[in-house]
Each structure stands twice: as C-alpha cells, then as structure tokens.
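What follows is a set of notes on a single structure, which appears directly below.
Think of it as A, B, C, D and E in the order they're written, each chain with its own count starting at 1.
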Amino acid sequence: MRSAASFPIRDSLLPVVGVVVLVLLWYAAIAAKLVDPVLLPSPWETMKAMWTGVADGTLLHDFLRTVERTILATLIAMVLAIPLGIVLGSWPRLYLALEFVIDFFRSTPASAMFPLFLVVFGVGDETKILVATFGAALVILFNVAYGVMNARKNRLLAAKVMGASRARILFEVTLLESLPQTFVGLRNGVSLALVIVVVAEMFIGSADGLGHRVFEAQQLLQMPDMYAAIFAAGALGYCLNLLFQVAERRLVHWSGK
Amino acid sequence: MRSAASFPIRDSLLPVVGVVVLVLLWYAAIAAKLVDPVLLPSPWETMKAMWTGVADGTLLHDFLRTVERTILATLIAMVLAIPLGIVLGSWPRLYLALEFVIDFFRSTPASAMFPLFLVVFGVGDETKILVATFGAALVILFNVAYGVMNARKNRLLAAKVMGASRARILFEVTLLESLPQTFVGLRNGVSLALVIVVVAEMFIGSADGLGHRVFEAQQLLQMPDMYAAIFAAGALGYCLNLLFQVAERRLVHWSGK
Amino acid sequence: QDKVKVGVFPVATSLPYFVALDRGYFKEQKIEVETVRLIGGPPTAAALIADQIDAASVLVTLEGMNTNIKKPGAAVYISLNSQSETYPMEQFVVRKGFQAKSIKDLKGAKILSAPGPGNVLMAKAALEANGLKEGDYRLEQLDTAQHLGALKAGTFDAGYTLEPTATMMRQQGIADTLETGVIARTVLGDPKADAFVGGGVISTRFMTERPEVAKRYAAAWLKAVADIRKDPESARRHLLKNTLVPESAINDIPMPGFFAVSQLDDKSIGQFQRFIDFSMKLINAPETVDVRKYLKTY
Amino acid sequence: MARLAVALKEVPVVDVPHVTVRGLRKSFGSVTIYDGFDVDIPRGRFVSIFGPNGCGKSTLINLIAGLIPVDGGEIRIGGKPVRDVRIGYVFQNYREALFPWLRAIDNIEYPLRVAKVPKAERDARVARLVAKFDVKIDLKRYPYEMSGGQQQLVSIMRALIVEPEVLFLDEPFSALDYEMTLFMRDQLQHIFNETRMTMVLVSHDLEEAVYMADKVLLLSRAPTTIADYPEIPCPRPRNPETLVDPVFTQLRGHCLDVFQREVRKS
Amino acid sequence: MARLAVALKEVPVVDVPHVTVRGLRKSFGSVTIYDGFDVDIPRGRFVSIFGPNGCGKSTLINLIAGLIPVDGGEIRIGGKPVRDVRIGYVFQNYREALFPWLRAIDNIEYPLRVAKVPKAERDARVARLVAKFDVKIDLKRYPYEMSGGQQQLVSIMRALIVEPEVLFLDEPFSALDYEMTLFMRDQLQHIFNETRMTMVLVSHDLEEAVYMADKVLLLSRAPTTIADYPEIPCPRPRNPETLVDPVFTQLRGHCLDVFQREVRKS
C-alpha cells in the first residue's frame, strides 16, 4: 500500500540488493577473521575462480552436465508424480493407504537410498538421475495430493452438478484448484532433485558435474574453486526455481483473488 | 461420497495395507532374483536385524540420538523461520530482495555446505544440528512467506478496517490464513532436517545416530543392519510428519471449508 | 576387442590401471576397458556383488575379504598393495603448533580419523599399542576431504589420515607426520613389514565365465605392475591425468608397494593372513577367511 | 392444512411429480435439519422455496442435486437418481462457484463443453443467450475482475446455457441491482414459459417468491417440515399487473402469515 | 440538478460534512471507474448508495474505508485520514470476511479485543448486542458451520459491536430472510437514532435504500458520476406507515426515474 516513492530502489534491482548484502557480510566475516582465509576465501577470489572455470570451459561443462541430470530427473518426476498425486488426492482412502509409505520414503535420506539404487539400477548415470527422480517425485506427489485434498469443495460441486465426469472434474477443476500447491511442490521438487544430483555426483562418484567439481576441489583444498562450484549450484537452483515461478505467475493468475 | 460398505477395510487399517503391499513387492523382487540377496536382504532378515538392534539397545540409542538432533534442529528452525517468513511474506519488497538469496541457499545441497559449517562451527554435534537447522529453516521460511503472500486479502482487509494494528493483523489474521501453507513447510522442513542430520551423521562423522549406523553397516556390507537403520530413519520421519499432521488437523480445522 | 568394466577409484593406489590404460597394455591384449568411477569401497563392493563390474582398480583387502564372507569369490586379488614405513600410506599427523613427538604424546588430544570402521578401529588399536586407552583422547571419524580444513582450523590436534592428504598437509605447512607404517607396526610388529591393505581385484564370475579374457586382462594389469616396480618415477606421472594429484606434488606423493600375487612368498601370505585375521576381529566379523582362496596367480 | 389455492380456483393442470423426496433425513453433527421429510416437485412447474434463515433451504436443494449425501431417505428426479439427470444450479455462493481460471464467457460455455457440444454450436448458443440477456459487461474478463452482481449474472447464464431438466436457483438475484433483478425475473419467466423446465427457486423476497411461482413451499424452522405448499394460480405471463391482482395479494398475505407464525414459534 | 428534497420540505439540520471525497480517481486496468469524483457525506446522517451493478458502489466505500488505494484525489473523514478513524464495515462478501478460525461469538468480539476492551466489558457488550438482536442461533459454532444468512448476521453484529464513527454496510441484508431483514432494518434504524453515527448503506432494494436514508446517493454507470443526491425528509422513527407517506412514495418514484434513466443511457 505504500507508494513506490518511499522506496527509491526499483523492484527489478531488489534481488541485487540481497546479493550485495550477502557479499558484504561475507567480507565482514573475513575482515573480522572469523574464519581462516584459506578455508573461506574472499568473494573476489571466488569470483575469479568462477570466471576462470567459465573461461576454460570446465565449470561450464560440469554445470551443463548437472543441469541435464537435474532437468531430466525433474521431468520424469513430474510425469510420474502429478497424475499419481491427483489420483491419490481425489481418492483419500488410497492416499491413506499409501500415506505411510510416501511419508516414509520422503523422510528417508536419498543418500541412504544410494546403495539400494546402485544395486538395482547399476553404477551408471541413470542411477544418479533415478535417485533424484525418486526424491523429487515424492515431494511433488505429496504436494499435489495435498493440494487436491484441500481444494475448496465449492467448485468441484459446481462442476459435478453440471454433469462433468469424474475424470473431467479431476483434470479441469481439481487440477486447477490445486495448481498453487502443485507449484510449491514443483519448486521444492526441482530444488531437491538438484541437491540429490549434486550429492550423488559427490558421493557415488562421477566423471563430471558440479558435485564432482565440489568433491575434487575439496580434496585438494582449493577453496575458491569449491565455493565457485557451490555457488554455481546455488545459482542453478535459483534459475530453476525462477522458471517454475514465472510459469506459475502466468498459469495461476487468479491466486489469492 | 462412496459408502463405507463398498470398502470392507476399516480406515485405520489402511496404512497397514500400504505397508503390506510394499513388503510383498519386496519379497517379489527377491523371489524374481532382481537383486543379489547379499545386497537386498529379505524383509524378514531386516526385521530380525531391527529387532536385534532394539533388543541390545544400540539401534534404540542411535535412534534417540537422531531424534534429539532432528527435533532440536527443527525447533530452532521454526523459531527462526516462522517469524521471519511472516515478516518477509507481509513485506513483499523485502522478500523480493531476499528471494534470490533464499532460493539460492535452498538450492544449494546441504552437504555442500558441510565444509563451511565445519570450518565455522567445528565438528561437534552443534554443526550437524546447525546444518539441518539451516536447511529446514529455508524450507519453512519459503513456505510461510509464500502462504502469507498468497493469503486471500479479504480477511486482512476486514481486520484492517476494524483498526487492527499491522502487528495484530500479522499475528491474528495473516498467520492463521497462512497456517495451512505453514504446515506444509513444517512437514517438509522436519523431513529435510532429518535427512540432513542423517547425512551429516554419515559423512561428517559421528559416534552415534542412525546415519552413523547406516554408514558403518554399509562399510561392513551388513545389509540387514543397514536397511534396518534406514527403515528406522524412515519410520522416524513418518512419525515426525504425523505429529505435525495431527497438530494441523487440530489447529486448522477450517481448511478447505 | 573384449569389453571389461572396471570400477575405478581415482587415487594413487589405482596406479596400475592408469599405467595399463595410458600405455596401451589393455589394447595390446585386445581389451576395451570401460571406466566406471566409484568413490570408495562400498559402491565398489556392491558393484562387484551385483555383477555390474568385472574388476576393480583397487579394493581395500578388509572390505574385499568381508565381501567374500558375504558372497564368496566376489573379489579375487590379482595384485596387492603394501603399506609400511617403506611405502607410507596411513599415518598419524599432528597439526603445526601441537607439541607431540610420538603417538604416546597424543594423550588428551582431539584426534580425527579417516572414516569407516576399518580406519577408526585400526587407529584405536594403534593408540592402544602405544599405551593410550579409550578416554585418554577423543577420536572422531571425518571424511578425508575435511581433514585439511579441520586441522588447519584447529578443530583437531592430530589425525590418523591417508595419502595424499598427509602430503598436502605437509606441503601446505598445516601438519607434520608423526608416524607412518602404522598398520605394519601395530599388526605385524614390524614397521617395515608388508601390510597388504589393498589390491587390484577381478570377480570370480569374470574369471569363470570369460577365463580367457580375464587372463589377458590380468596380463595387461601385471605388466603395468611390473612397470611401476621397475621405474616408479615415470609410472607415477600417470597420476597427473587420472587423479587429483597436482603437478607440484607429483614427486612427493607416496605410493604403496605394488606386488603381483605370483611374487608373494609363504611368509608374505602368512603376514597377509595375520592382517586379515586381525582386521576381522576388529570389526567383529563372525568368521575369518582363508586368504589363499581369494588370491589368483596369473 | 387447507390447500388455500385449490379452494380459490380450479387448477386445470394435473401435477405429475418430477422430483420426489421420501423420508429424507439429514443432520449436521448433533443438529437435525431433516428427519423424515417428504415433498414432491411437480414436472414443468415453478416452485419457490421460502423459509427462515438456516431452516435448510440450501441444504434441501443441495441434497436433491446430489451435492451432499443424504443420511437417509430417497430422492429421485423423474424416477431416476439425480446423477443421470441434467440439472442446472445457481449457487448461493456464486463467488466460489465460478472458475477463476476461465474468462466469464468460458465459464458460461463450460457446461456445453461438458456436454460435448461442438465449438460452433457452443458459440452460437452463448451468443444467443448473451443477446437475450442484453449483457453489456465485458465477458472476456475473469470473474475476479467483476463486481458481485456481474459475477452472479455470469453464474445464472452458466446454469441456463444447457437447458437443464430441472433448474435450481439459490437466491440468484441477491447481488443484482434493481433494474437487473426485474429484468432477470422477466427473463427467467420467459424461459420458463418457453421451455417449461421444472424450476426451483430459493428466495428471501416474498413478493418475488410468490410472483415467480406456481407453488410456494413454505418451510418451518429446523427440524424442518412443510408449513404450507399453496398453489399460485395467477395466469402467466405475469407482469406488474399481477402484483395488484387480488388473488396474488391474498396469497402473498397468506404466505406471510404462515411464515411469521412459523418463525415466531418456539 | 435540482435538490428535490430541499424543495419539498425545509430541513432544519445544517449538514456538516463528515466524509469528504475530492477529485477521486480510480481505474482497474483500462477501465476507469472514478475520474474526478466529489461527494460529501454529512455527519450523523444516514446515506444510501444506489446504482446499477458494477457502477462502483463497493469500490467507493472500499476507497473511503481505505481498503484499496486511490489513484488520485483526497478522502478525509472528519478532516482526518481514514486510518485514524474508528469505522465499521459489513462486507458484501461476508463469507470471506469472517474469521473461520474463530467461533461466531469470538468473531463478534474481535473488534473489541482490537480496541483493548477488558474481558468483562467485552462479554457484557456482546451479551447486550445478542439480546438486542434476539439471536437464536448457536454462536459457539464456527462460521463455516452456519447458513449464509447466519453468517451475514454475525458479520453485521461484528461491525456494530465497536460503536464506530462511520458504519459502512455493503448489501448487508442480501442473504437474510424476510423477517430477519425487516427486523435488522428496524434494529439498524434504532441504533442510528440512538447513536447518530454516520451510516452508509449500499443496497439494491430501492424501497430499502429510501426507507433507511436521510439522503440517497444515486450513481450513474461507470465512469461514475452523481446522478442525484436527494434528501429524504420523512420523519424518524420510520415504520410501515412511512411506506405509504406521499413524500416517501414520490421520492422513491423520483429515484427510480433517475436510476432508470441512468441505466438506460448509452
């Protein structure tokens, strides 16, 4: 309700403000000698490492590999989890039957599942992608089902009275009613997929990817490289989130109205 | 809308059905020799390992340590993230400024943050708890802020017109309007806290906890023990989720109505 | 061209694989290897059990023999890596500024250990052999990647760590080595004795299903082992491309002693058996194994 | 209770029951709304439901339309269960019944899409309805961009587009302006006269209830019973003249009496 | 435009403006609702707002109450900005204005809690209001367990509990039954006569609008202007007699004429 005049900063610049504050805090931590400079390099050194990595193509390559795995995992998770979530959400007894299993696996660290997946799916790239798919799918499933179950009943009744079939109601009303919640699930899901892909690249072993890069830099105590890779992962996560957010703003224009 | 008669199974037994189906699938996988029995022990062996662990007290001890860390992490995360989430959600420009940073860290694998936390907080228990707090707090924060921002405006206006102060509206209306979403955040948050605690126990190194148990069993190829510990973690996650769910059902009685 | 899938842990102990690969010994034998990068023992052991790889560049013998208890013949050694004072690998280090001249001085210290029950228990056994009881020190396991940082930050005073971390610590002035050949001294009573802590493996299935290919694989492998023994200086340069070892450290990186199984005499095998028996007791294994069953001479 | 209407004038039409409710039971928690309730709604006639707040009017038509499950008893429409019947329904809570993700015009068209009517005919029918209602608002807007009355108008049009067998209207004019209310009443009557579909109207405006109806169902406070169910034998089409017709005024007075007696009871 | 009321009867009260709107501008997207709109609402008087759907009635009182920001112009209540004034507001969308997490009785009490009234007095005041409105429903229920009319009653009681300086009512009776509507009109008038707080009522029922008001603000279609703003000089308390008072009927007729002219324009 405040007028824009009282905030001289333009909206589009606000995220930059957040980043600048973060970098300043970082410099402050270094200046205050809170942490040994070998272990926590300065933002500037990290930037340099990032730039070098981009310039010589290695960081970019690792970045793209991680992007590829994450997106693949998220897409598979979406394809599996959204329809299933709608079915579970609109059939509460089924959800009740599976709730335990879903919550159970949702609460099981994906990294604890690595051995099982390794065993079942082998040591290739598929395994990393599938573990991430598994994790992301559970989160998406949970949110979609939740959104469907908590959808306000009025519009479903309206569609029902118009003679819409169960399937129609599901896809043309329930799905849309639960869209805001679904998007929460998607945003959480893509974040989780990224996390698992990176962790898998770190701990299962991989020839490339940001997780591999973090692992290597860590082994060699090349802290600027390590933070550069971590920040690349963070930035990637942000971009993926943004993607879903933009999609949401376009698709769920009515939310909160 | 279907009558209970067409489903002879009582609601309270439904989760058991889900578990039974899972166990049957598991047995089927073993019978079909999909996986080497050394790597995937039978449910029965896993049960035995779990029972032995409980009987000799070691599994119970590890379980309780993990519970302790997870609950502590979640509580700290709640205390930090809920108020902050409300503030961010009710002040969209602030959220916009921090959104990048929040999404950024939300997308950064917690395990990639271990080195930083290790360096800053040492290797004690606090570090494991704090990394989990960090992860859980971001998820809760995101959901609370999201819930607040997407709260329907009508009731806020009603409170405003009654002369309620900004703070009052925040705590007595906005907070309650966003409760359903907040609970989604809490359930995701506690799951994530558990995941991070277990991963930290696995990889940062620890003398106890379920993660430590998984790690040791994995090193020694004691698969029944490993799955017993993983399932203990899963069951723990389910119980924590259930806790929040019961709290939600009692607190958010009006949801969807 | 026969295909062989090899699980590779990119560290110095996998050197024979890199030498054979880079010098074309596999090609000579008409073998096309597929490198599967695997971090550490458990994934390697799992992949062997699940028949997803035919061989592994390195597998710690404790883990290998433990695997053989679960599934006999999953890991058969064709070469062994010795660790001792001569071939330093595992060692105790102290951070700069902490007063200690020997392990005995670590009373009251905060000590980190390489992760896994094998390492932790070995560290404890070594400390006990030096008269330090549980409670005289604090020992915590930590991923080796964190060792440098943890000692640098002063969170720990000393550590039971592995190469190449220890070398990097020395180079960067973070810590000094206190004692090497820990296992040989503790288990075999002689720091110069050969403690066969790791080795190159193939699976029994590979050996029996494709005996001819396995033989050619072993031939290439052992040719590389022989190369390393003959001229370690040129051999170790292969680590540059294949592992994380930086150029600056390449000449200082300690390496284990590489032995073809055929080179082992009865005394060596007896020592190997002693080491395995000792380790199995440490980890409370229900049984021990006859190591001869899992050594294959080519 | 004397059927006043019958006494006043002979009704030529023989009522054929269209909606039959038998032994209806419905409670919310410990509050019993219906307990052994019977009613017939005759085919092709216009029935108004009138009663005090909370007596169960919305509940009754929700039960008939199959939107909430009955606790007991039987409800049939033309002998069939409701799910086999094409019905129209205008919700009291119009705001939450429109689909916010569809533009107004798509909301109106939606029931036709459900009925698998081809695109061209859909457009034609919507255009006809829009023309008939002389709609001046921009139907390309989303519901949340419209005023309350505009939303209600859209909601009514959506119910009418399919030409249902039975049309239920739960206070459909509550948010419409004066002019619009008069106009919509006329339109509704016009449609009723043309199609003779069975219509059930819940209204709080007694004049409106009587003016529109062939029969007025007067309900008591919960647990709900029929206080009276008089015929309104005024000729159709009705018009402002009707309002001063002595039959009309007498029946309106009668209904008001019954209503006030029921409300003040207890 | 001739002030018809002034011509009809001398008004002894000199109007002191309470709410002043000057140069008000408001658009939604490309649709301009207000563009340089001025109006005064006199202190201690009852003003009804009447106009076609979507003309901007809700928007106007939302703007005055400070619920949505103005695009331009100035609005003051008693010379102060609205946020410094205690106002009451009954929402057109009563369903989404009540707090579902509070029982009905706590909803009613809420404004007193905001005003930091001590518990004992709060209870007393709620009890008094409940007695005055002769409420028969169980106020311990949650809003979502109540019928539409019951919710609206709760919503009205919530607005009245604080004795505001200005009370805004946006179609407050639209979901009430006939008896309840008559009763609430009486109660509202009674409270008005007692307290002489300034009241602003949006209503679609012309009779109601004129019956309740000292002045009727007749609005045109958007972009909205004042079509007329006549005084209703009928004496208070008003009662069913008023409805047949020739001054009343003449003014009602005048308002209807103005309204219909405005609606049919364009």
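Definition applied: contacts are C-beta pairs under 8 Å (C-beta built on N, C-alpha and C of every residue); 3 or more make two chains touch, one makes a residue touch a chain.
Note that the structure is a prediction, hence the values are computed from the model and not measured.
Here A-D and B-C are compared, and the pair linked by more C-beta contacts is B-C. In terms of their C-alpha centroids, the spacing between chain B and chain D amounts to 50 Å. Here the CA centre of chain A is 16 Å from the CA centre of chain B.
Inter-chain spacing, taken between the CA centroids of chain C and chain E, is 85 Å. Here the CA centre of chain B is 38 Å from the CA centre of chain C. Shared contact sites, meaning residues of chain D that touch two or more other chains, fall at 93, 96.
Of all residues in chain C, those touching 2 or more other chains are 42, 46, 49-50, 145-146, 149, 153, listed in ascending order. Contact with two or more other chains is made by residues 35-36, 39, 115, 119, 152, 202-203, 218, 257 of chain A.
Pairs of chains in mutual contact: A-B, A-C, A-D, B-C, B-E, D-E.
Against chain E, in their complex, chain B makes its touches with residues 152, 154-155, 157-165, 168, 173, 176, 179, 252-254, 257. By the touch criterion stated above, chain A contacts chain B in their complex at residues 7, 11, 14-15, 17-19, 21-22, 34-36, 39-40, 93, 96-101, 103-113, 115-116, 119-120, 139, 143, 146, 149-153, 180-181, 184, 188, 191, 194-196, 198-199, 202-203, 211, 214, 218, 226, 230-231, 233-238, 240-242, 255-257.
If you check the complex, the residues on chain E that touch chain D are 28-29, 50-54, 58, 92-93, 95-96, 137, 145-150, 153, 171, 174-181, 204-206, 256, 259-260, 263. Per the touch definition, chain E reaches chain B in the complex via residues 65-67, 86-89, 91, 93, 96-101, 110-111, 114-115, 142, 144, 158, 162. On chain C, the positions that touch chain A within their shared complex are 7, 9, 35-40, 42-43, 46-47, 49-50, 52-53, 144-146, 148-149, 152-153, 165, 168, 172, 244, 246.
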